[in-house]
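Next come two complexes, and both contain subunit A; in the first it sits with subunit B, in the second with subunit C.
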Partner chain A sequence: MKTKTSFILFLGPALVIYTIFRMGPALASLAYSFTNWDGLSKTYEYVGLSNYIEAFRDELVLTSIKNTILYSVIVVLFQNGLGLFFAVLLDKQWIRGKNFFRVVLFLPAVLNTAAICFIWATILSPTIGVWGNVMTFFHLNSILPYDLLGSSDTALITVALVNIWQYIGYSMVIYLAGLQAVSKDYYEAASIDGCSQRKMFWKITLPLIAPSITINTILTTVGTLKEFEHVYSMTGGGPGNASHVMGTAIYQVAFGNTQRFGYGIAISTLLMLAVCIVTVLQRKIIGKAEMNSEN
Partner chain B sequence: MKTKTTADKIISYSVLILMVALILYPLMAIFLSAFKTMSDFMGNPLGIPKTFTVDNFVYAWSKMHFGTYTANSVLVSSLTVALVCVLGAMAGYKLSFNFKGNKLIFTFFLAGMAVPVQSYIITLFQFMKKMKLLSSYPGLILVYTAINLPFAIFIFSSFFKTVPRELSEAAQVDGCSEMRTFAQILIPISKPTLATVVIVTMMNVWNDFFVQMIINMDQKKYTLPMGLLKFRSETSVNWTPLFASIILVALPVAIVFVLLQKQFIKGLTNGAVKG
Partner chain C sequence: MKCKGLVSLLLAGVMVASLAGCGTTVEDNTSTPKAAAPSDTKAESEGTSQEEIEEAKAEVTVTGEVTMVTTGIEYEEIMNAIKEDLPGVEFTWEQQGSSTFENAYKTRLAAGAEGMDIFTPARADYPVLASAGQLLDITGETYLDNYTDGVISSAEIDGKVYGIPITANCYIVWYNKDAFEQCGLTQPTTFDELEADCAVLKENGIVPLVAYPKSGAEQLAAFFFHDLLSKNPQWLDQLKTGEAKWTDEEAVAALAKLEEWVDNGYILDGSLSLDDTQAYQAFYQGQAAMLHNGTWSIDKIAEAEPEFSYGVFPYLAKEGTTNRAQYCPGNIWTIAAESSDVEAAKAVFNWISQPENAQLYCRTAKQFGTVKGISFDFHEAAEDITPFYEMDKTKMMHAYLTPYAKSELATQVQRLIAKDETQTTAEKAALALQIAQDNDNKN
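Here is the complex of A and B:
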């Protein structure tokens, strides 16, 4: 009896709040995705799979899926690549002012995303920004549009670059933690054997920091699949639908002028499935790679 | 390792300094512009202000209600952090024991981390409307608590698993109740974990605006990022006060970060590594 009360006392409050405000709605969402509920009326009908079928014919949804994949690939590749690059650089013993560099590189990651997006929107603004001067200076006018965020070709990639800019430091710090755990003895032994710097990186460093690569890849992939804040604050999905990702498309469908909640929930269920599948797959694939490198 | 040449050094430092410039320049440009008058900024968007003025901050703080938003941010994030720490630590403590159903409850909490907020926010909105919790402080705090609990429970339970059982058993033999043992013996030794939970939760709540866009329509209850979005959508040409409000949103976190950088980096990467 005594243990039972103690269980309720310790676990109860967390379970109740979590179930009511998180898992409950998440499970209920699945059911709503098969209805034509608009979120306002009391009645709704079951429409079977038609929301899901419509989603795969909807221009907005298809664009947003394509954009989400592109956004994810760009950010995962460059944020990880640059994060690893700077981690390796700042792990070198002869670099001075390591702490300063680390703090500066990490700083944007703790700042508010909306604030960061408005800062970049200001700098890139065709009317008051300074980006125009940079373009003229490097003679980029013939290659790039003047308004990077306002042109459908460049809007999404520009937002992705701001995302990378904000989180390079975060990836870097996770890699640094991995690098610092690698014993220096390996490098000494390898250099006695006449191993080149580049070979050491590929044959010693990379395999040994595999866990950091796993964590970073999963974090950035899941984070970018759920992307909403950067796109919403910098382009709002525009121009047209050119830079919509799934996160902003869901918001648009459910809370824009159409107010189709059932449909919005169906799209968000697709997103949730994508996140779960990608996480599981990545764990499997990278887990295998880690195993292989250990052999 | 030993064959570093001068060329290596020059290239490395140049790359680092270039990166630092790429990060600090945008931040500094906005920071300095927040102290300019509108005409000074239009004529000279790049440079140092001709005359320093704090009018933009006064305007943002009182006319654009950033004073209210700051108070709301402090209220909502501190109460959420308190709730997440207390409930997360208690649940994490219980889940660190082996008992029947332990794995099931633990998985139930962890599953939440894979479910994106977008996928249930609409249903949540509807539910909160029924419960009359929309646009209310308790509603916001409960939703943020539910979002941040899984991570807190996860790292608290892994921490408590490392604490020797003898410690709490000895206290209970001495007649200490379980709750007192927990509060007076276990919580004090879990300080590093507690710090991680505080930092991660604080950052999540302080910076969020997606959740609020849906469940908080009352401008008087907006937190800072929402106030910033509102300002930006209302006035498209009022640049210098906008910069001042960006500073008001970002500066508190930046200052805390620079002061506590070690704990911050450790806290956030702890979160990443274990989450």
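Here is the complex of A and C:
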């Protein structure tokens, strides 16, 4: 009984604040998704489901959904793959100056995203950056467009690469924590049994850091589905809407020229549902894999 | 003579009493001191002694707190001058980053103008906010007479004034005089001459124009629609009523001209990923002979001082068309309708509307002001630009387009520049624009 009371006492205030300041506005915004509110006027009309129906017919939204999925897949795969690679590498005892490399890899994650994007946009600009010279020096002109951020074929992928570069260190740190929790006894035993390094990685390391993989994958997936800053800063969704993701599309319809808050909130609601569904599925699939590895 | 003096004293008394009625606090309902200069002059001319005027000023000090929220820099000189001239007003100038500014003022408006009395809404938001009752109606305020012709009327919404366009903008083209001279060229005066110059520049291995479609695709479009807008200043309004269409021959021709410039290599490769700041860098580096932009960015060139000599000309119309300046009011100062200190905010408006204060603002902000009698002497290029404000005017394209059409125009311009990838043509772009325009007109 005492435990229950203290549980309520401790949890209560936080829960009340969370409900008022987070859940309240979220639910209120859900109501606005059924209106034509422009975000400024004091009046609005209920338009039923028309915002949701329009979203599935809107070329901008459909392009942004496709791009968001592509962006998520690229970032989740490469950020986690490379993060794990560097974590395994920098977990080795024989690497000299590994703390330095850990800091170097993690540093971009703590820098301001807008500043990073501005710097990369300048570097990658063929007119004012060094990219034009790099292309010429390595004879890349035949395989890559001259203007990576100005080409509809490469703009989104380039932004994804910058995102990966920025957050590799973040994933690496989580994997490192997982790796350091794995007892060295397993490796010693495997080594005595004549197990190769590769086999040790697949049979010991990977199953035992499964929780780190789960958390990293979920964090990256949710983060990329909500992506806004990198795309907005580096391409603004262009050229010709080619690199819009859902975050920037929502911003464009709600805060851009058209000023359609109600519609923007409807797309946000769809995004929220998508994030929830993907996270639940991911949790189930990876959780199952975790269970199998434990068995 | 005695009678005249008495009448003058009486008038001064009435003035003080009437100003006192406009006060901001319950305890001290007084108003408008130094800023009410015209009345002072009148009183003085009618024989009131200087001591009496000073006395009246001391009595009528406006009191209150005013917070002004803008994007960009808050100018120390302006703040100090306001503090000196309006000692009773606690004036705070809050700067917001350009990416957060719109959110900031919208959030504060939604919260009953909490912590915000004066702000400069985005151009697209101004009519929406005015119609939504979020802006204070300042119609009939005497200081509005201090502005040059057409400025205040450009801020009218349904016959009422809700803001003061403190600055005015028009499109310009910077050009590298050295590069032009190297090719034996002089400043073009028509679009036809400009095109001929581009051909010569290109032959000499100089790229004619750097653009910044990432952030200003509509402004590049305006460069090609300029002849149409000079011929027909009503064209943008006619789009709204359906009298004109994007698919009309002249509009398609303007888009086709952009396509032609892309094909001819007149626009710097790699422009698509540039914003205006980066375009300026490319221009300074001598990568292109010209850069299109607007007078709002004069400080960029004023601060950078490129190594080559440069000149400036307005957007150009074709031969035989009267060239007009594409013009629009710049920063619109508005008072939130729910401001907690309306009278103090009005006193600041009165203050900025006085020529000496407006002059100080222009010099400090390096902007083209709209108050009568001020000069643009903050940079030598500003003096070159001054005559453009005296030209016949047409509406600035990107400022007056309807929302969907504006977004679509940016998209289509980018697609036309990347036409090798997108296979977009002027006709396809025009069709997409008309669909967006119809959507706007329907709404």
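Quick note on the criterion: the second predicted complex is superposed on the first by the 274 of 295 C-alpha atoms of A that agree within 3 Å, B and C clash if a C-alpha of one lies under 4 Å from a C-alpha of the other, contacts with A are read in each partner's own complex, and residues count from 1 in each chain.
Just so it is clear, contacts are C-beta pairs under 8 Å (C-beta built on N, C-alpha and C of every residue); 3 or more make two chains touch, one makes a residue touch a chain.
A quick note: this is a predicted structure, and the numbers were derived from the prediction, not measured.
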item: Room on subunit A for both subunit B and subunit C (clash or fit); value: clash
item: Touched partner set for A:Leu11, first subunit B, second subunit C, both or neither; value: first
item: Subunit B versus subunit C as contact partner of A:Thr122, first or second or both or neither; value: both
item: Subunit B or subunit C, by number of subunit A residues touched; value: B
item: Partner chain(s) touched by A:Leu111 [first = subunit B, second = subunit C, both, neither]; value: first
item: Partner chain in contact with A:Trp202 - subunit B first, subunit C second, else both or neither; value: neither
item: Touching partner for A:Tyr146 - first (subunit B), second (subunit C), both, neither; value: second
item: Partner chain(s) touched by A:Tyr46 [first = subunit B, second = subunit C, both, neither]; value: neither
item: Partner chain(s) touched by A:Asn241 [first = subunit B, second = subunit C, both, neither]; value: second
item: Which superposed partner A:Phe228 touches (first subunit B, second subunit C, both, neither); value: first
item: Partner chain(s) touched by A:Gln259 [first = subunit B, second = subunit C, both, neither]; value: second
item: Residues of subunit A contacting subunit B in one complex and subunit C in the other; value: 39, 114, 122, 128, 255
item: Footprint of subunit A on subunit C - complex, ascending; value: 99, 102-103, 106, 109, 124-125, 128-129, 131-134, 210, 213-215, 268-274, 278, 281-282, 285, 287, 403-404, 406-407, 410-412, 414-415, 417-418, 421-422, 424
item: Touch list for subunit A against partner subunit B, complex; value: 6-7, 9-11, 13-15, 17-18, 20-26, 28-29, 32, 39, 86, 89-90, 92-95, 99, 101-116, 118-120, 122-123, 128-130, 165, 168, 170, 173-174, 177, 187-188, 191, 197, 215, 219, 222, 225-226, 228-229, 232-233, 246-247, 250-251, 254-255, 261, 264-265, 268-269, 271-272, 275-276, 279
item: Subunit A-touching residues of subunit B, taken from the complex the two chains share; value: 1-4, 9, 12-13, 15-16, 19-20, 22-24, 26-27, 29-30, 41-42, 45-46, 87-88, 90-91, 93-95, 105, 108-109, 111-112, 114-127, 142-143, 145-147, 149-150, 153, 178-179, 182, 203, 206-207, 209-210, 213-214, 224-225, 228-229, 232, 239, 242-243, 246, 249-250, 253-254, 257-258, 261, 264-265, 268-269, 272-273
item: Subunit A residues touching subunit C - in the complex, by the definition given at the top; value: 38-42, 114, 121-122, 124-128, 132, 146-153, 155, 235-236, 238-241, 252, 255-259
